[in-house]
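Each of the two complexes below includes chain A, the first together with chain B, the second together with chain C.
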Partner chain A sequence: MSGTITVNRETMEWRPGMTVADILEERRYTFKMLVIRVNGTLIKKDRWPDAAVPEGADVQVLHLMSGG
Partner chain B sequence: MDYTALKAAHTLLKEYAYDLGTIERGYTNRTLYINLDDNTVKEKPVSEMMKKKFIGGKGFGLRLLWDAVTPTTKWNDPENELIISPGPIAGITQYSGTGKSLVVTLSPMTDIVIDSNVGGYFGPYLKFSGFDAIEIQGKAKKDVIIAIDGVEGRVTIEEAPDEPLDSHVLAEALTNMYAADADDRRNVAVVSAGSAADYCGIGMLNFSLFDVQRQEIRMKQAGRGGTGRVLRDKKIKAIVCRSPQLKGDMNNVVDMDAIKERGKRFNREIREFDDVQCRMRKVGTAHLMEIMDEYDLLPTHNFKFGNHPDIGRIDSHVWEDRFTPRSSDGCWYGCTMACAKVAEDFTVTTGPYKGDNVLVDGPEYESAAGLGPNIGVFDPDIILELNFYCDTYGLDTISFGTLTAFAMECYGMGILNKERTGGLELTFGNGQAALELIHQMSRGEGFGLIAGQGVRKMKRYFAEKGWGDPQIMQDIGMENKGLEYSQYVSKESLAQQGGYAMTNKGPQHDEAWLIFMDMVNKQIPTFEDKAEALHYFPMFRTWFGLMGLCKLPWNDVEPENNAETDEPAKVPEHVDNYVTIYNAVTGSHIDKQEMIRQSERVYNFQRIFNIRMGAGLRANDAQPYRAAGPVTAEEYESRADRYDKQLKDVLGLDPAAMTIEEKMAATRTYREDQYEKLLDAVYERRGWTPGGVPTIEHLKKIGMDLPELIEVVKPLLEK
Partner chain C sequence: MNDDMFARNVPGMTERLQGAVVAVAGCGGLGSNAAVALARAGVGTLILADYDTVEPSNLNRQFFFRGDLGRTKTRALAAHLRNINPDISLHLYQVRLTPDQVDPLLGRADLLIEAFDRAEEKQWLIETWCTLFPEKPVIAASGLAGVGGTGALRVQQSGALYICGDGVSDPETEGLCSARVALTANMQANIALALLCGKQHI
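Take a look at the complex of A and B:
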């Protein structure tokens, strides 16, 4: 059974074992300059592939500006 | 080209000798005034008050222009001025992005002030030659060149009948002509426009630099708002500056060690992170092509859509293959971000330079997007050729892209047809027609002459001819204040709609780029949040224009620990670098709050300048509906999920029970109302009335309650 998480204030389906990298892939967040917090805790880039996201988590994927 | 013969044909109209002077703490403390009506040349002192309130760069430009014009001055009146000013930081070489200058004038596109931030060597060289700004008023009777010799201490105005107008040949001729020898070419900088600037409101200025590694002349552009048209209206062929040889501390700064330390830190970031962040050294801002496409922000077919399946044909990897990166790809010395990329040996296939192998500066993202997907072109060779011709003819790539996209959509709607365009088949994707359009602009003929005046004037012209419904043209014509939109789709970001249409000069993204913060991150959900962002970022970014700085090193690379800071979007370490560098150059003691205050003063001055010229009010901040939502059914259907969801979740409507017309109408009413609410919130945050007028209390608070400003706002506040 799967629950949900919140990513940038939007509800997203959660599944067991889901990682930060999975979220980026599913949301097609391909931009490189990201700041990611799971329940307020900063997740550094080298941990994205294996950082597990718990059910119900509040995930913030901040895209920093560039270009513009 | 026989430079000696060209030079021999010059007639000296005026020679003015001056003392070379010194630069202290980033300022020469004088400006150079030239009037071409009677060939007056004089020096003007820079007061302490001017430095305190207006700082430099755009601030100096605004102050000088205010004093030169009246509320009824038009862009082509002799009293309009063309002002170029670097800022106090411009010309240091120990930190990246420190060689910019600002061009300020009344714009033929907007009839208000335009300011354009540009690289190339002219700004710093002007300062090294003794001046914090050059201010040119009046009109010459025949084509002239203004030459500033900062080695000899001499300004000349010379009639120059024979040089060609197009910038890639003109800049080369003048660099060779005014350099003492081949080695001295690096010390010569040329400002010129191009043949199309004789006819087109979208005429821009090229600022040259001599690329020592390539032994070639390259150019950076002051693109927006018709500065090149003003140059040519004054019958100036070019402004040339020959500078003394560059040395380590030309600005006589107060604390060079502090600047060097920040520079070293920044350079380490570039070395360590650029390859995994924005790849600016490899591909420049063109790295954004596929990112904007992925996030549905890449303007396609006149901003109708935000992506296209053919993006792979013109994405950053394609440009990486075309570019030949070198460490000299900076537009000023010492820039390790070095994003000013070059496509070498490009063979031109049309027009007067057909068959020539040329060097193309760029394309940067804006040019690639505007000359590419926005007009339906996905052929890199066409984009390069359009970019080359825009540059050498002196045309703004952004405006050219957006106005051509508008004309193409009009063509698709039947507002235009082959008869009305004089045979041009302006369908999306017809790159050859776009090239013919540009050649017509350079000759001042045919439909090119009409299109070259921009979207606003095209709308009027088509309506007067009875060719189309003015309302639909208003909706799809991507201009605000008379300036064409730059190349981002703002439809799904309310904050960016403000970031575009609430700008002082018109919809250029250099005040605020908030799309990620707003649309993707959902970081600024309330009107108050958006208003705060639309206060902070425009003020912060105004500061670059006061200083002579490039914005890109601020946030196109970020320090390793940026994510751990309180406000990563502001890149606090880089903000601190800027505060430190300003203090180290000038000996001031500002902090990051005073930095915003410095900008706020100039920003409000510019707003009131606009009001003085009959604009700058709420009505002038209105946006075309395409910037906010879907104008056509096709556009609605292409994002039906998104729009239907908004109707359902936000407005409590049942899209399944509505016709497409009803859905579009409900979406439009909602989005237009949201924008009005945004205006209210932002004006309040900026200390303005609901009509968009800065209040006297606010002007007092920021230390900008100058009598001439009060005189403009007072009658409006009393209403």
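Take a look at the complex of A and C:
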């Protein structure tokens, strides 16, 4: 039996070894520029492929659009 | 001069802001307008960073004037800010910021206003700041293109990271216009002022 994580306040199934990149792929986020925080800690883009997400984690995915 | 300038400020605010240091990364539509709001409110020290010069296409939304054309944005903006408050302390960096410059140039600020134009640059700046200073606020903007959609502008908070804007509007297709850019810049400034004054509701 696997647990869950929360991604932008929605519950999602968790599995052992799950990475930030796995979550983005499963959620099919199409925005190019994202800021990811796992349990409040920012995970830099170059770490997404191997940053493990623990069971029960609170993941926030924030979109960045150009313009200023 | 300042004795009269802040007569209408929120009670107790002026004294707190005089000792505050705010970094503004980018002095375009967001940064120039946010800096003006911060200076008018009485923030004592601003660190301004931008590599660019003022062009005609900036005048539809950025706090510059015809006479600024061709001047560097940091110097032009500094002149306007000193024209509002001669006592403001300004640190100007005429550079295209890179991640390794964030700590030495901006690190002494109490908080950062992210005011870049391109999403790629917003991303590395937010990542760098949040990694260097997890507790220090960074107030960013995302989704401020077009006109209308006033009620769609909002604040997303995640720890010490605040993102103002609608999160989706795209300048490539919708353009960038005075009011919505300045609204978002002033949302950023308003959050900064609230945090610096220790207000619970940003």
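Keep this in mind: the second predicted complex is superposed on the first by the 65 of 68 C-alpha atoms of A that agree within 3 Å, B and C clash if a C-alpha of one lies under 4 Å from a C-alpha of the other, contacts with A are read in each partner's own complex, and residues count from 1 in each chain.
Basically, a residue touches a chain if its C-beta (ideal position, glycine included) is under 8 Å from a C-beta of that chain, and two chains touch if they have at least 3 such contacts.
Predicted, not measured: the structure shown is a model, and the values here were computed from it.
Superimposing the complexes on chain A yields a three-chain arrangement in which chain B and chain C clash. Contacts of A:Glu10 after superposition on the shared chain: chain B is touched, whereas chain C is not.
In the superposition on chain A, A:Leu64 makes contact with both chain B and chain C. Once chain A of one complex is fitted onto chain A of the other, the partner contacts of A:Arg28 are limited to chain B, with no touch recorded for chain C.
Contacts of A:Thr41 after superposition: chain C is touched, whereas chain B is not reached. Only one of the stretches 438-446, 564-572, 654-662 or 708-716 belonging to chain B overlaps chain C in the superposed arrangement, and that stretch is 564-572. On chain A, the surface patch touched by chain B in one complex and by chain C in the other comprises residues 32-33, 35, 42, 44, 60, 62-68.
Chain contact summary for the complex, chain A toward chain B: residues 8-10, 28-33, 35-36, 42, 44, 60-68. Those residues of chain B that touch chain A in the complex are listed here as 276-278, 285, 287-288, 290-292, 294-295, 365, 488, 509-510, 512-514, 516-517, 520-523, 525, 551, 555-556, 558, 562-564, 568-569, 571.
Listing the residues of chain C that touch chain A in their complex gives 26, 28-31, 115-120, 122-123, 126-127, 130-131, 134, 140-145, 156, 158-159, 161, 163, 165, 167-172, 176, 181. Chain contact summary for the complex, chain A toward chain C: residues 32-35, 37, 40-42, 44-45, 60, 62-68.
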